[in-house]
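Next up: the structures, one after another.
Next, two complexes with subunit A in common: one pairs it with subunit B, the other with subunit C.
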Partner chain A sequence: MRRARTWLPGLLLVAPSIVAIGVFVYGMLGWNFQLAMTDKHDEVSEGNFVGLQNFIDIWDQPRWHLSVNHAIVFTIVFVVGALVLGWLLAFLMEKGIWGEGTFRAIYLFPMAVSFVATGIVWRWLMNSGMEERAVGLNRLFDAIGLPQWQWFRDPDWGMAAMALPAIWQMSGYVMALFLAGFRGVPEELREAARVDGCNEWGVYRHVVLPLLRPVTLSALIILGHISLKVFDLIVAVSGKQIITDVPAVFMWVAVFDSHDPAKGATIASYIVLSVAVFVIPYLVWSVRKERRS
Partner chain B sequence: MTAVAGRKPAFTWVRLAVLLAFVVIVLIPIYVLLVTSFKPLTEADPGQAWNLPRTWTFEAWGVAWEKLAPGMWNSVLLAVPGSLLSCAFGSMNGYVLSKWRFPGSDLVFTLFLFGMFIPYQGVMIPLVQLLVGLNDLTGLPGVFYGGLPGLILAHVVYGIPICTLIFRNYYVTIPDELIEASRVDGAGMLRTYWSVVLPVSAPAIAVVIIWQFTSLWNDFLFAVFLTGPQSWPATVMLNNIAGAQATPYSQQMAAAILSSIPTMLIYVLLGRFFMRGLMAGALKG
Partner chain C sequence: MTAAAITMASVLSLSACGGGEQAAQPSASGGGDKQQVEVFSWWTGPGEADGLQAMRKIFEQQNPTLTFFDAAVAGGSGDKAKALLQSKLQADTPPDTFQGHAGAELQGYIKAGDLEELNSIYDELKLREAFPEQLVEQISVDGKIYSVPVNIHRSNVLWFNPTVLKDAGVAGAPKSIDEFVAAMEKVKAKGKIPLSIGSEWTVTHLLESVLLGSLGTDGYNALFKAGADWNSAEVTKALESFKTILSYAGDPQDDWQPAAKQVADGEAAFNIMGDWAYGYFHNPPEGGLGKTSKTDFDWAPSPGTEGSYLWLSDSFTLPKGAKNRDGAVAWLKVAASKEGQDAFNPLKGSIPARKDADQSLYTDYLADALKDWASNKLAGSIQHGVAVNQPWLASINEAVGLFIGTKDVAALQKALADAATANAQ
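Right, the complex of A and B next:
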């Protein structure tokens, strides 16, 4: 180990950030869990330790079940939709195409806009008015003879509709990730497979797609963690309506409308846990991989 | 990159057609935003929802701007200092964690990385309590909780991981020999940073500032929890404008466009750096 005089200045320079991350990330996560294990159900009471009671009790609330179900439906539709679409766009552009730069710029463009602004236009597009009151997509669908929908107000498929704006916004990003992945496959490998008698589909199946697995995993993690904490978009499209409730919105309501810190903290803890169960293994895996190389 | 053997020209046309179809789909909401925002109230009839305005007017834009302007200004006061501060922290951290390591610096970096992925809901309630406490402690009501300084503090702190990551990944590409040479010349850590590392940092600085500016400008979650009416940034005001039943669509759409202009300009003018930030953020969301 080098002498302290050489490394100490570095530690000092990073120290403020270490303290900040320690307090604001790890300290506050702990504080939140601790709050979730108390009975502080209003702003003034002290809050006694009740263990995991809140984590159990919340399952008695119909609204919690609803918001969890919504989050699951939203996550599945959004993640699968953005992955498939992003992959398809990248696949179509992979070998270079006329106007590629323009295509890329347009597909990625929604990323620069806030979910709130996106939400406003999609609320109009997915307006549930029908027949003569129809605006947005229903009006368009009516004109071209397609059926009209309830969109996000549909009791069963509302959250699938809610995933559409999210797919619109994020699939360009997934496209960019996959495009970089496709282009990272060395041409020699493809050539070697062709020499070995693979046709073009065989090259994809046996060479390109296996090499895309890490990219797919990254995209899956990114989309999944955006999805489980989705908040802005839901609020912008439908506000606090129960019909599109998700845990992040439920938590907001618990804090600001019900004034129940312990319940808010419990929901927040569940959101953190749902993300942590797949992000932590992923990060450990990628840090190990980086060390190996 | 040219077409490779094995692809028939017919397939190229199919690819082009599919890509163009998706361009149309991506642009539909943009069309709606623009067309609706230029319509006078008299044309706010569902039957003409998809038509171009018969008379083009800036009427809605004027009203929207009046309502949104204070929020836009708050967003500027939030995003400019916030992204500069994030950049300063990220650069120093990235430098130390790549070129001036200390025992345990890899662990510190890993712990920072975890910080990038936490859903901010998980820290929000304690954060609010802490900022309220800071208000009381300093005797400055509405500064930390309910004011822009508190919101900037939150963004800078939770931006440390991603900014550190971008700078670290950039700095590892600087040859160690340059740092060594500077050391041999007797320069200390800060001197080396200032005269060797900082002068070549421009691309990373651009990526980080653009990334942070865009995330701060577009943020809604922190703003809605931490700010009050005086300090609402554009996103919160936009949501309030659009959430009011009485606001006509034309004004909602105009406000949505107005609030997006700064980030859209950045995307159009500096898209290259925006892209790099996205790829660096491939670890984040």
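Right, the complex of A and C next:
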């Protein structure tokens, strides 16, 4: 009885959120997977269990291959770009730049803007018109003599261009993460390294960077899951065009245009699974770490 | 307290009368005792929004107890609007009435039991006599009618810039697909864009005109009947022409308006777009480009389609479970009336679905359209929901979108044939 008194209030306190998450996250996930394993290919039919048939069939569709490729290109460019740029900004900040507070606010600001607003601005910036028809970035590039690009309409590198607004938006956030990481490295450790004859680069290479590994991992996971689910940015920049198709947009078309709930649920399942590939190892790792400490 | 409430209410109703562009009130009976009718459409662009406002005026004059709530969602061809509508319908919170293209596009809603049939309204207003027989026949499903067509649009219109054609040495609008390609080659040599295009749906729009121009009206209509052969050599030839034509296209624009503007501005020679472009070209600068017809822009049936009217029609429906059913019926009556259609159509750049419209209101392009509508053979549009239902259209759009990247005619034809097999009824 006395034991119950210690854990019961705590449980009661978190019970509402356990129930809400159970229903609205895991319940809905379960419902989605169940729907993905039926042949409910229009809104009115009942839907019989067909196992993993939908998951296999979708690989026959050229559009699915295209959207998966697009998602991979977008993820690589976006994650690497935002990590490198964010790290670089944090590094400069850490070197004690004048007016650091102002710069920090400026770089962090884009995160406060929604992807839709970002997308609408960048749609204009990345307009593919050239020479006398150029607007946005191409106009600027034309004026200063740089080559002009098709941007997101480029058949091969369009998705890399599409990652630019996402990098613009998220690199400030990565900077904040890294900056906190840098500040968390005790000055004594750096000094010890310097006393041992390390140059400034060596201090970063052998002392600071290894200590930043957990921060880098967190940033990677946050960026990775945003990237695999990306939808609003793409729709704001180009709508539901095949040239910039990603799984989330394909899912939208499958549900609302093709009126095929099972296909939409299948794509949604793949998106969840791809994000899980990122998130689950992280969870395992952090649980283990907590146990150790 | 009561006095304060009354004052507030009178202030609200006063401001409601005073403001020409009153803000939309989300709650049903917010300030006064007026009831709101939520009208869902995708008419937000220049020209079309003006037409909707003109019809709204008549509606509010005739129904002083009702206010019009404009639930329009932007985006040409209604692709974003239809996605939102779908979630509203699935949540059983339909708008009081929604815009839909007359024809096969409504099949999904009808099958899902979302729509009320309107036969009694048709009988009450004698609409069967007012609309052309063929139109009523095409929008009926098992003898039941589910929507009120407000207008008729033409999809197969070739818009061109006469000055650009003259400079390139092209005598007039090309009459066949071969002439069209030859003309575009001449324009290309002059450094202008031969054919302007917008986002991917405008390319599907182009495809339907090319199919009609290449196959002829009967061949085209046969594609949507039972046992249609999308694998035929004729279709292959049409798709090869489509590929050739597309090779003359300029950089894709964001939507159809900027693509049409390239023709009006003399940057491009041709654009194949529905006749809603006329309102955009012709209306004064607040809503359109304020261009002069025949000098700044001109039109002809798209190459090879003279004598055919590739039609589509915007219509309004009565969803089951509408909050304000009476209000919706009142809106449908305005939409079906001669007065409503004659107010809407000249601004929208379309012709009325009714046969008894005041012909003097339709001048310039619209006079040509009225004449052709009366005499031409009819074919239903693909992109605009007459000939194919929504899943079929989604498959066609997917095939065309992939084709823009690959330019693989065989793959396009196979995808189109598969789409027809999977979706034809």
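One rule holds for everything that comes next: the second predicted complex is superposed on the first by the 284 of 293 C-alpha atoms of A that agree within 3 Å, B and C clash if a C-alpha of one lies under 4 Å from a C-alpha of the other, contacts with A are read in each partner's own complex, and residues count from 1 in each chain.
The definition used in the following text is that contacts are C-beta pairs under 8 Å (C-beta built on N, C-alpha and C of every residue); 3 or more make two chains touch, one makes a residue touch a chain.
Remember, predicted model here, so these are calculated numbers, not experimental data.
S.K.: Identify the partner contact of A:W252: answer first if only subunit B is touched, second if only subunit C is, both if each is, neither if none is.
M.R.: Both partners, subunit B and subunit C.
S.K.: Tell me the contact category for A:M126 with respect to subunit B and subunit C: first, second, both or neither.
M.R.: Neither subunit B nor subunit C is touched by A:M126.
S.K.: Where does A:A236 make contact in the superposed view: on subunit B (first), on subunit C (second), on both, or on neither?
M.R.: After superposition on chain A, A:A236 lies in contact with subunit B alone.
S.K.: Of the two partner chains, subunit B (first) and subunit C (second), which one does A:N199 touch, if any: first, second, both, or neither?
M.R.: The first partner, subunit B, only.
S.K.: Of subunit B and subunit C, which one contacts the greater number of residues in subunit A?
M.R.: In the superposed model, B touches more residues of subunit A.
S.K.: Based on the superposed arrangement, let me know which partner A:M37 touches: subunit B (first), subunit C (second), both, or neither?
M.R.: Neither partner.
S.K.: Looking at the overlay, what does A:L212 touch: subunit B (first), subunit C (second), both, or neither?
M.R.: A:L212 sits against neither subunit B nor subunit C.
S.K.: So in the superposed three-chain picture, is A:M159 touching just subunit B, just subunit C, both, or none of them (first/second/both/neither)?
M.R.: neither
S.K.: Using the touch definition from the top, say if A:V174 reaches subunit B (first), subunit C (second), both or neither.
M.R.: neither
S.K.: After the superposition on A, what does A:L83 contact: first (subunit B), second (subunit C), both or neither?
M.R.: Touch status of A:L83: no partner.
S.K.: Which subunit A residues lie in the overlap of the subunit B contact set and the subunit C contact set?
M.R.: Shared contact residues on subunit A: 123, 129, 133, 239, 252, 255.
S.K.: Where on subunit C is subunit A touching in the complex?
M.R.: 75, 79-80, 82-83, 86-87, 90, 108, 111-112, 199-200, 251-252, 254, 267, 390-391, 393-395, 397-398, 401-402, 404-405, 411
S.K.: Within the complex, which stretch of subunit B touches subunit A?
M.R.: Spelled out, the residues of subunit B in touch with subunit A are 1-4, 6-7, 12, 15-16, 18-19, 22-23, 25-29, 32-33, 36, 46-47, 49-50, 89, 92-93, 95-97, 100-103, 105, 108, 110-115, 117-128, 130, 154, 157-158, 160-161, 164, 188-190, 214, 217-221, 224-225, 235, 238-239, 242-243, 249, 252-253, 255-257, 259-260, 263-264, 266-267, 271, 274-275, 278-279, 282-285.
S.K.: Of all residues in subunit A, which touch subunit C in the complex?
M.R.: Residues in contact with subunit C: 42-44, 62-63, 66, 123, 128-130, 133, 150, 153, 155, 238-243, 245, 252-253, 255-260.
S.K.: Report the residues of subunit A in contact with subunit B in the complex, numbered from low to high.
M.R.: Residues 1, 7-11, 13-14, 16-18, 20-21, 24-29, 31-32, 35, 85, 88-89, 92-93, 95-98, 103, 105-125, 129, 132-136, 139-140, 143, 168, 172-173, 176-177, 180, 194, 199-200, 218, 222-223, 225-226, 228-229, 231-232, 235-236, 239, 247-248, 251-252, 255, 261, 264-265, 267-269, 271-272, 275, 279-280, 283, 286-287 of subunit A touch subunit B in their complex.
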